[in-house]
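Input: one structure, supplied below.
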Amino acid sequence: MHTGDQLCLTAADLTVRTLGPATVPSPLDGSLLDPRDSVHYVAETDRVLLDDTLDMAVRRGLPTRELPAFEPGGPRSRLFFDPPRTRVGVVTCGGLCPGLNNVIRGLVLEACGHYGVASVTGFRNGYRGLNRAGAADAVELTPAAVRGLNDQGGTVLGTSRGGQDPAEMVDTLVARGIDVLFVIGGDGTLRGGQDIADEATRRGLPIAVVGIPKTIDNDIPWIDASFGFQTAFGRAAESIRAAHTEARSTPNGVGLIKLMGRHSGFIAAYASLASEDVDVVLVPEVPLDLDGLLAHLDRVLDRQGHAVVVVAEGAGQELFAGQPQDRDASGNLRLGDVGALLRDRITAAARDGGRDISLRYVDPGYAIRSVPANPFDSVYCQRLAQAAVHAAMAGRTATVVGRWHGRFVHVPIALATASRNQVDPQGDLWLSVLEATGQPFTWSAY
Amino acid sequence: MHTGDQLCLTAADLTVRTLGPATVPSPLDGSLLDPRDSVHYVAETDRVLLDDTLDMAVRRGLPTRELPAFEPGGPRSRLFFDPPRTRVGVVTCGGLCPGLNNVIRGLVLEACGHYGVASVTGFRNGYRGLNRAGAADAVELTPAAVRGLNDQGGTVLGTSRGGQDPAEMVDTLVARGIDVLFVIGGDGTLRGGQDIADEATRRGLPIAVVGIPKTIDNDIPWIDASFGFQTAFGRAAESIRAAHTEARSTPNGVGLIKLMGRHSGFIAAYASLASEDVDVVLVPEVPLDLDGLLAHLDRVLDRQGHAVVVVAEGAGQELFAGQPQDRDASGNLRLGDVGALLRDRITAAARDGGRDISLRYVDPGYAIRSVPANPFDSVYCQRLAQAAVHAAMAGRTATVVGRWHGRFVHVPIALATASRNQVDPQGDLWLSVLEATGQPFTWSAY
Amino acid sequence: MHTGDQLCLTAADLTVRTLGPATVPSPLDGSLLDPRDSVHYVAETDRVLLDDTLDMAVRRGLPTRELPAFEPGGPRSRLFFDPPRTRVGVVTCGGLCPGLNNVIRGLVLEACGHYGVASVTGFRNGYRGLNRAGAADAVELTPAAVRGLNDQGGTVLGTSRGGQDPAEMVDTLVARGIDVLFVIGGDGTLRGGQDIADEATRRGLPIAVVGIPKTIDNDIPWIDASFGFQTAFGRAAESIRAAHTEARSTPNGVGLIKLMGRHSGFIAAYASLASEDVDVVLVPEVPLDLDGLLAHLDRVLDRQGHAVVVVAEGAGQELFAGQPQDRDASGNLRLGDVGALLRDRITAAARDGGRDISLRYVDPGYAIRSVPANPFDSVYCQRLAQAAVHAAMAGRTATVVGRWHGRFVHVPIALATASRNQVDPQGDLWLSVLEATGQPFTWSAY
Amino acid sequence: MHTGDQLCLTAADLTVRTLGPATVPSPLDGSLLDPRDSVHYVAETDRVLLDDTLDMAVRRGLPTRELPAFEPGGPRSRLFFDPPRTRVGVVTCGGLCPGLNNVIRGLVLEACGHYGVASVTGFRNGYRGLNRAGAADAVELTPAAVRGLNDQGGTVLGTSRGGQDPAEMVDTLVARGIDVLFVIGGDGTLRGGQDIADEATRRGLPIAVVGIPKTIDNDIPWIDASFGFQTAFGRAAESIRAAHTEARSTPNGVGLIKLMGRHSGFIAAYASLASEDVDVVLVPEVPLDLDGLLAHLDRVLDRQGHAVVVVAEGAGQELFAGQPQDRDASGNLRLGDVGALLRDRITAAARDGGRDISLRYVDPGYAIRSVPANPFDSVYCQRLAQAAVHAAMAGRTATVVGRWHGRFVHVPIALATASRNQVDPQGDLWLSVLEATGQPFTWSAY
């Protein structure tokens, strides 16, 4: 999110959809909480400010009380759903990301253990598990069944890419009496969840659809950091280290590491900062000029005898202009393979320049996304899951659980999928990268 | 920081001290940045809102533009110090914390590499290194000297507890021509830094003292999470896991783990959430009733045959009421040894109840604080260090670098040492702990 | 094992007890193995030479064919037990050691998966699980039940110290129809297994008792390296690293690490070699002279400003001469607490010498023994378990599975418990330690 | 090494070349060792038996004292070289392997610290560093310079593939007064070392060339396990785990992991045993029949819904018969890319069979060979290096340091490069793999 984009948002954009009035007393009262004390509950009027700087707030020209703000997440004293009569469903979609199992476990423990819902059903293999054929594979998720999931990468529910017919999926929910569906996935998945919520509304069904945004690239807006992101860039830093070890062990060694990041270079940026030895970071947010890059690499090799280049998969797409593009099963445009292109161009340029380089090209993608969550993400996934259950039990729908300035918030799916979180080439994160790598501000001016 | 505490703060409390007008053009312009583009620079009028909820902002009753706000961190286009004529000093004080070496490295790379200061001097062994005798051990810190520090725990500068005479320390700074001193340490250290800044002001010396707050307990306010905290609780979670493995391998096995946390139970809370198997978490913020705890443990052992208890060192201090207390070299009150007390009481109660328990008491303190920073903290320390150098070069003094709602900010040392960041027993973090452990809301009502 | 000890061993000492003739064709033939090829099977006449040097072999004065040798482990073409009618039991005893769960898993997979035995019963909590009361807790172990155990420390069966009445334990085996009992434990446990085998023989029962020797100290003879040993010293090296980080971060910092090793200093020796920064290693095999040690430490502190001392728990027991000693539940003599003694003496000596040291005493015992097996031990445990099942199915009893010069061998329990494996103070391992630490050959001459 | 291969070896084959009589008293006496005690020294008549089984020894038909045996490694009381007048050189060649830096460090500490040689020179970038141009880059290696190398992957000296003119390399040694050259590398490198030794002998120069065999594949004979092997297969097991996580998270997921192993499948075998979830292991030692493999995979997918295949790079080379082959810079034949072939064939077969598989192909090669040594390898490298220095100082040349049945031994380079260590398809390691994976004994019979 860049600064300017926020200014056009109004209170209406930040309002989440609710299924109806919350009239059921929360069961948390009788269990966890001291009856004399209810400050744990979030007041329905509480709001988290959208703008983080005074400057932006002032530019709105609104009185303090009308500043746009998010609804905060957390437990409510009154619920929409009556827990013992509520059936819950869970589905994981799209590519793997560290923490998926932790979120599943957190949802089950919160829904069963604390709210005491009637059941939690796990739909298998993404939205396929919600179509007529796939629903047969659904499994019952109990606290015992999710024990130990904290330490496992991947998703026990399986996953797949691509959407399914919303009507058919709502049929499945109705057939199984599901009141609340949690969808864990990226922007395509969340839009699919919106479609399910819309179809349910159209039929007058009080079914809540709450999303937990999954994006290893950290590119979904209104989320300080997406779950699994820290684990992912930590693991990516290990791959960089290995490539650096190779590069500096050979004369004119070049390590080229392709990392995730279709639209946003956060993993590339953070993993490079966490390493000590990256010379160049290429991200989708900063235009790439090949000649400038090659000239810079030449100087780096002259100076230190080896070089390490980190490239986000979505960087340098302008180099593929004019080439035909197709789409994957999730409907995403297939990117040009910038890693292979750089490997070939760097090698060719070195040969032309009479330098005998030894280039190692590493694409650790699968290794990064399938590791178990680190302790931070393990805690974060659990708390995200708790916030999602609180939201759903209070009747929120077509809503995702976000985190804004350290607070859990409710964000309409429409808003969460309307833009992308990107590295600001003028911001302090990218400045840190420039400082750490010593690479130039722009390639074209080089 | 509890909600209510913020309301009494005014704009004056948030104003940082500056040595004088910033008139020197930043050298970053000529190197990193494209001359046509200067948005990287922080405008001197920029501010980060103090209040994170609309509710709090409204309760102030102020017009939008007068809401209290922090000065943001980051590079300025005009500096107070002229880099090539500026001499920088660094000192690390108090106990170890993951990331100390990363901060040192970050300071050196930023000051030397980007600003091009004249020199960076490392004072050895805490404030002792700034008194007359200790100053002889000071070392020159160059980019080459800090290479590889990212992966090393501890501090290359050494550390010690306790303060020194401010006058003598300023004498040392004057003798060595130091213009900027970075102090890395906890609240005692930061107060010592304030004393140095005050002494310099008294003498009319334009010496900047900028603090990087170090608190493995995460108890310094106005910092979302202190550096090293994630590394620390991740390591603590490993100790909990080992204790749990022992506990469940023996009939009536009890694992008792003492973790850091004099005043704040963040490490205990987060490490327990990151583990799957903690039954009880005891923190300083929640009163401890021994009978309630023992009764609960009895039930846990009946139910699952083993139990794991995590206790922050500052928990249950009310059990030591009336006992004499002394202070350590840092001037902190020595805490009653709640770990040993619990070990003895739990063992005695089991014996009295006819249960043959096997209790393992683990105090992994040193192991936790001496590990190298994890990738997240590695990046965070680097960026904190960059922010500190930016602040100092712009002439800020008696100031610490904080992080508020995800933004780096400048906080007066007086404000940063005036209160503590604590776990809110009514907040969502603690609620998550209660939910994850199944322990009761209060022990006394048990 | 010191060189000289082997010379008195004869072929008779190396002969293992067999329940009777092996007449049942192995089922491995029909499943894994190509029927035309049976070289996988170990010939009953195969032997592994006891003596590893020509010198020792020559000193025996025997013709080549009469040199003493072990029976090799591995699958036999003919079995004593008929797998589908064979019931198997497993029990783990004594302290934790990395790899226990891996051995359990390996036994179950081999017995069920490859031999197709009727059942595997897990007796809970050590030999207690074989007495009348404890047998009720026994659990069925299936391949599905042991899935994922590879990654878990501890033992799913639980453990306890101390023996039980052999007659009562044989009663339990008879009542449950157990034909083969695997005992995983140290020398006390193995002697208990011998008692069970003897009692069964006395009653004329064809029950095989096969031991898998467990000793985190690596002190059982005829085993190149005991399972879990590599994992353990690797983890111990981490503790040393943390203590070293602390020591060098403080003026006159001293790190004192107590490691396992009642009679043998292998963990202390290997963990110190794996670290870079140990100044002194103290093991049970080398006499300790306190004055010599203190004088050496003084010089180390003078020279480098800090010192790291690693002490095996059984070192320096001569310093406790004349003090009363009692025994633990396993019947082992309680050792004098050499770690606490060194802590106190080093501190006192420094104070007397006017040196203000900062000593950290670390005892990471539980953390070391409860970690999951590393990849090497994971493989090793699996292969040990396979060898144990092969031995038992072929009718071996009162036998342990050892590893001699890289080959799995069968060792009579009596021989395996008759002596200890110790660090040879004249051998090349200890020479490496002396070279790496720079400590003197003897303390007394110091 | 297969059993039969040993029988033709005679005492002559095992005899190492020595430069001349050892007359210089070892300096170890005066430093480390108690003068009254010299059993640390290896007697020149000591020998380690070649044959590890009685059966093999008997089949020789020799009297005990004439059984073939290796010269043991270790310190001698008399040296050939006079340490203070001895100059040492070190070179690392070929691909990276965990532990290279540990060996370098061990050589320097032993040579400088304990023998007190005049100097240690590090030649850069493999044998290139010994030709006329490369020698200019040579660096001085001191104990201070190698500090911290234990924790770093790669090689500080750099490496390259391919040989150089022996005459030119000996010229370099002469020009720099090098008396002892340590070469760390694989069989090509060792043969290069032999050439240097031969050239020196031809010129009558008393230059010792001692090799430390480096083979991540563990394929050099007479070495129980090559340095770095445990680290490598442990890291490979992580890659398998990631691929398995991916595979089981998708319907019909297939994980295909290519590991090192040109001629020997040890890494594939051990890494698969260390993992729990490998369904097929393909190694060079076992012929591959594609139809059999594809049929088996089909059944695995039917049964469990996913499959994991591990393939050593040298497996299935028979599938490339008739294709042209070229050689790499080290002179090795370029292998057919069996990983890519399997990827394509498995995918095609699934498509033909109407199964919609999701195959992930992972080639973690660089990541595995560039990691730092684990604690075991760290100790092992240090001890190997010590043994190499002992051998050289005693005047051995054209010799490598091996490890036979747990003892360090001296092996003539000619013998060490005459055959390969391979997985015995009839041996117990491979049987364990068959048992663990459930794959058939032969593919063709499938």
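A, B, C and D label the chains in the order they appear, each numbered from 1.
The rule is short, and it goes like this: a contact is a pair of C-beta atoms (placed from the backbone, for glycine too) under 8 Å apart; a residue touches a chain by one contact, two chains touch by 3 or more.
No experiment lies behind these values; they were computed from the predicted model shown.
Averaging Cα atoms per chain gives one point for each, and the point farthest from that of subunit A is the centre of C. Overlaying subunit B onto subunit C using CA atoms gives a rotation of 180 degrees, to the nearest 5.
Between the CA-based centres of subunit A and subunit D the separation comes to 43 Å, rounded to the whole angstrom. In terms of their C-alpha centroids, the spacing between subunit A and subunit C amounts to 47 Å.
Each chain gets a centre from the mean of its Cα atoms; for subunit A and subunit B, those two points are 28 Å apart. The residues of subunit B that reach two or more other chains are 148, 151, listed in rising order. Within the complex formed with subunit C, the residues of subunit D that make contact are 32-34, 37, 39-40, 45-49, 51-55, 57-58, 60, 62-65, 67, 69, 72-75, 109-110, 113-114, 147-148, 150-151, 224, 230, 233-234, 237, 270-271, 273-274, 276, 374-376, 378-379, 382-383, 386-387, 405-408, 426-429, 431-432, 434-436, 438, 440-442, 445.
Those residues of subunit C lying in contact with subunit B across their complex are 96, 125, 128, 152-155, 158-160, 238-239, 241-243, 245-246, 248-251, 360, 362, 364, 366-367, 370-371.
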